[in-house]
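What follows are several structures.
The following pair of complexes shares a single chain, chain A, combined with chain B in the former and chain C in the latter.
After this line comes the complex of A and B, so read on.
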C-alpha cells in the first residue's frame, strides 16, 4: 500500500462510518478493517486497538452518562415524541461509539502501517501540490517549536510565581498569560528563523529541492483492492440504512 | 498568496487552536476555545481579505484534522463551522483591527466591538453546527455542551431545537471569549511580523519603485 492509497482508504472509511447507521451496517466495515489490520499491520494491531480504546473509552463513558443516565431516551424516540427506554438510549450510544471507534482505529492502523517512514518521507510520498507539502512540513516543525515554547514559558511563569506547578486558582486567573507568552515566544522564534536561520542555512530551498526530487508513488494494485473493499463495505452500510 | 510568513502563520494558528482547544475539550467545559487561531489569522491578514479567508480556513482545517486524529473523533465533521467562522472573522472582526491596536485602548468601544463580533460569530456557528450535532450525533458530541443539549431535551425540546438552543446558549459566550483572546493576541503581536505578512510587492511595482 502507498501513502496516497492509505490517505484515500482512511477517507473512504470515514465516509463509510458516517453513512452507516445500524450496528449491522458497521459489520462489513469492521470486517474490512480487520482484514486490513491482519494483512498490512500484523501484531502491531494490538497497539492500534489500545490507542483507539484510549480515545473512545472516555467518550463512551461520557455519552453513556449523558444519554443513558440523564436523558434516558434515544434521539429517534425524542423525534417521535414517545416515552423512551434506557435500553434504546444505550443502543444509540453503542452505535455512535462503534462509528467513532472505526474511524479512530482506521487512522491508527494506517499510522502504524507507515511508522517506518519519517513524517517528512510520508509528506514527500504524497501526491499533493508543493505548497501543501511545504505547509505540512512547516506545521510539523513549528508544532515542535511551540511545544518547546510552552515548556519554556511555563517554567518561566512558575519561577516568577505567576502560575503554579499544580492545579490552582492562580492558574485559572493567570493561565491567559501563559497563552500570550507562548504566542509571543513562538512569533519571536519564527521571525528569527525566517530572517536569519532559514536564509543562511538555505532550509526552504533545500526543502523544495527535496519535494521536487521525490517521486510520489501512483496508486498500486494493493491500494485498489483495499479501496474497492472499503467502498463496497460503505455501500453495504448505506444499503442497510435505506432498507 | 502563500508566502513563507503566511505559511508560518497558518502553522502557528493551527497549533494555537490545537493547544487551547484540546485542553478545553479534555476539561469538558461547555465552551470550545478551538477557533482562536482562525480569528487571529483573519485579523493578522486583514489587509488582504481573500488571503485572510483562505489562510484562516486552512489553519482551521489543519487544526480540525489534528484534533480529530489526536483528541476528539467528532471534530472532523465541524469543518463547515470552521469555514463559517473564518468567513465571519474576515468580513466582520477584521474590520476592527485599527481599534484592537489603538494605544491607549478605548475600553468602552473595545468591549462593545468584542461583544458584537463574538455574538455574531457565535450565532452563525451555532446555526451551522446544529444540523451536524442533531442529525449526525443525535445531539451529543464529546464536548461539555452535551450537558446543555441534554438539559433542553429534558425540558421537552425537539432534537434540532435542543441543538440550536444549546448552540445559541453556549456559542456566543464561547465566541466572545475567543474574539477577546484573538484581539488581545493580535494587539500583542510585534508590528514587524504583521508587516512581513503584507502582500509582497509585485515585480512591476518593485521596478516602478
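After this line comes the complex of A and C, so read on.
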C-alpha cells in the first residue's frame, strides 16, 4: 500500500462511517477495516484498538449520560415531536460512537501501517498540490507546538509544586493554571519562532524546496484492492440507508 | 570567508547586531539559545529536521555530525537536551546551502568535547559568513575578527548580594538516591542502578556529556519525571516528589521560559507561595521581600509581564525564586547561558553564600570558568551511573 492509497482509504472509510446507519452497513465497514488490520498492520492492531477506545470512551460515557440519562429521547424523536424512548436514544449514542470509533481506528491503523515513514516523508509521498502539503506540514507543526507547550507547562507547574505528576487533589484545584500556562507557552513558542528563526532563515521556503524534491508515489495494486473493498462497503451502506 | 565574534556585556545590543548582520545578506541559518530559536519547528522527528534543511546537491562544506541523529531519527527534536538541539541545528546547517550562519550564545550549552568540535567546524568553513555571540569565549579564535558592542540598556541590574541581604541559616535535608533506574519511553536507559548522596551546605556540579541525563536527574528530583525504580530519601525519610509534589527543590530551568507559572511575576511567585502556605517555608519571604528582590534584578514591579522582558533578563529573573531562600535546595540548570562574565561572577559568589548558610546547591554547567568560582564537588554522570568526586 502507498501513502496515497492509505489517505484515500481513510477518506472512504470516513465517508462510509458518516453515512452508515444500519447494522449491516456498519458490519461491512468493520469487516473491511478488520481485514485491513489483519493484513496490513498485524499484531499492532491491538495498540490501535486501545488508542481508539481511549479516544471514544469519554465521549461515549458523556453522550450516554446526556442522551440516555437526562434527555431520554433520540434527536430524530425530538425533531418529530414524539415522546420517544431511552432505547432509541441509546441506539443513537451507539451509532455515533461506532462512527467515531471507525474513523479513529482507520486513522490509527494507517498511522501504524506507515510508522516507518516520518510525518514529512508521508506528506512528501502524497500526490496533492504543494499548497495542501504545506498546509498539512504547518498543521503538524502547530500540533507539535501544542504538545511541546503542554510539556513545558507541566514541567513548570510540577517543578514549582503547583501540580503533581500523579493524580491529586492539588491537580483538581490548580488544573486551570495548566490550561493558562499551556496557552501562554504555545503563543510564546510560536511568536519566538516567527520573530527570530523563520524571518532570518526563510525557514518556510525550505518546505517548498523539500516538496519540490519529493517524488510522490502512484497508486499501486495493493491500494486498488483496499479502495474497492472500502468503497464497496461504503456504497452498500449508503444503499441500505436509502432503501 | 568572514568569521566574526560579537562581544560585549548583556543588553549591549549584541543580538540586534547579529540579526542586522544576518539579514543584510539574504537568508542565513540561525541558531539561538533555545529550542524555538535553534530548531525549525516544522519537524516532528530528528530525521525530518535534517530533511527540511538537506540540500538536493552536496553542499560544499565539511559534514558536521558529532552525534548520530540518523540512529535516533524518530526522536522528537523538542525532547532532545539543549546541547543536542544545538548539535542537530549545526548538522542541519552543514547539510544545507545556506552561505551564512549566526549563533546567539547557543554554543555555551555544548560539553567539553562537542564545543571545540563545533568551533573547529565553524573555523574551517571555506565560504560564507559566520557570526557568533559567545560569553565563554574570552578572545576570538585564530582567523576570526571581533566586534564590540557597548550600547547599554538601563534597567536590568544584577545585585544578587542585595537580593540575598538578610538571608538566614538553613538546615537543608541530606539527599540520598538509591538504585535509580530511568528511561524515556521509546528511549535508551538514562540511569541504571544509579546512586548518589548530596550533603547540605555544599554545592554539587552535575557534569557529563550532552544528553547524559543531567537535566533528567533534576526533573526526577522535582517530580516532573518518575523513575522506573529506586528511592529518594530526604534526611532518611522516603520522598516521592512525582507522587506528592515538590516542596524541597527550587529549580531554575535551562530555558527560563520552562519555569514560569503565570503571565506576570506576581502570578508566578503567588502560585509558588500558595502551594507552601501550610508549611513554615512560606513565612520565609513575604510579597514585599520578593518585590524588593525583583528590583535588585531590575524588575520595577511584580506586575511585569515575564515574556516582555529580554531573554537575558528572563534568565536572571529565573534565579529569583531559587535565590529567595524559600526552598532548602537550589538547583540551577545551565545558569550561565546567555549571561556575561560579570553576571556569572556575581552568581558564583551568591551560590557560595548559600552553601555557607546551610542550603544545598546543585548546578549543571559546561562553563568551567564559572564552576571554578563556586567551591563545589563534582557529580559525574557517565554510563548511566553517577559518581561524586
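Everything that follows uses one rule, which is that the second predicted complex is superposed on the first by the 161 of 243 C-alpha atoms of A that agree within 3 Å, B and C clash if a C-alpha of one lies under 4 Å from a C-alpha of the other, contacts with A are read in each partner's own complex, and residues count from 1 in each chain.
Here, contacts are C-beta pairs under 8 Å (C-beta built on N, C-alpha and C of every residue); 3 or more make two chains touch, one makes a residue touch a chain.
Please read these numbers as outputs of a predicted model, since none were measured by experiment.
Asks: State whether A:23 touches chain B only (first), chain C only (second), both chains, or neither.
Replies: It touches nothing on chain B or chain C.
Asks: Which of the two partners, first being chain B and second being chain C, lies in contact with A:220: first, second, both, or neither?
Replies: So A:220 meets neither chain B nor chain C here.
Asks: Please work out whether A:42 is in contact with chain B alone, chain C alone, both, or neither, and reply first, second, both or neither.
Replies: Touch status of A:42: no partner.
Asks: For A:239, using the defined touch cut-off, is the partner it touches chain B, chain C, both, or neither? Pick first, second, both or neither.
Replies: neither
Asks: A:135 contacts which: chain B (first), chain C (second), both, neither?
Replies: first
Asks: Please work out whether A:184 is in contact with chain B alone, chain C alone, both, or neither, and reply first, second, both or neither.
Replies: It touches chain B and chain C both.
Asks: Considering only the contact definition stated at the top, list the common interface residues of chain A for chain B and chain C.
Replies: 138, 141, 180, 184, 188, 198, 204
Asks: Touching chain A in the complex: which residues of chain B?
Replies: So the residues of chain B in touch with chain A come to 2, 4-5, 7-8, 10-12, 14-16, 18-20, 28, 58, 62, 69, 71, 73-74, 76-77, 134, 136-140, 142, 146-147, 150, 153-154, 158-159, 181, 184-185, 188-190, 192-193, 196.
Asks: Where on chain A does chain C make contact in their complex?
Replies: Touching chain C: residues 118-121, 137-138, 140-141, 144-145, 147-148, 151-152, 154-166, 168, 170, 174, 177, 180-181, 184-185, 188-189, 192-193, 196-207, 209-210, 213 of chain A.
Asks: Hey, which residues of chain C end up touching chain A in the complex?
Replies: 19, 22-23, 27-30, 32, 34-45, 47-48, 51-53, 56, 73-74, 76, 78, 98, 102, 219, 222-226, 242-247, 249, 251, 253, 257-263, 271-272, 274-276, 307, 321
Asks: Can you list the chain A residues touching chain B in their complex?
Replies: 14, 18, 55-56, 59, 62-63, 66-67, 70-71, 73-75, 78-79, 92, 96, 100, 103-104, 107, 131, 134-135, 138-139, 141-143, 146, 150, 176, 179-180, 182-184, 186-188, 190-191, 194, 198, 204
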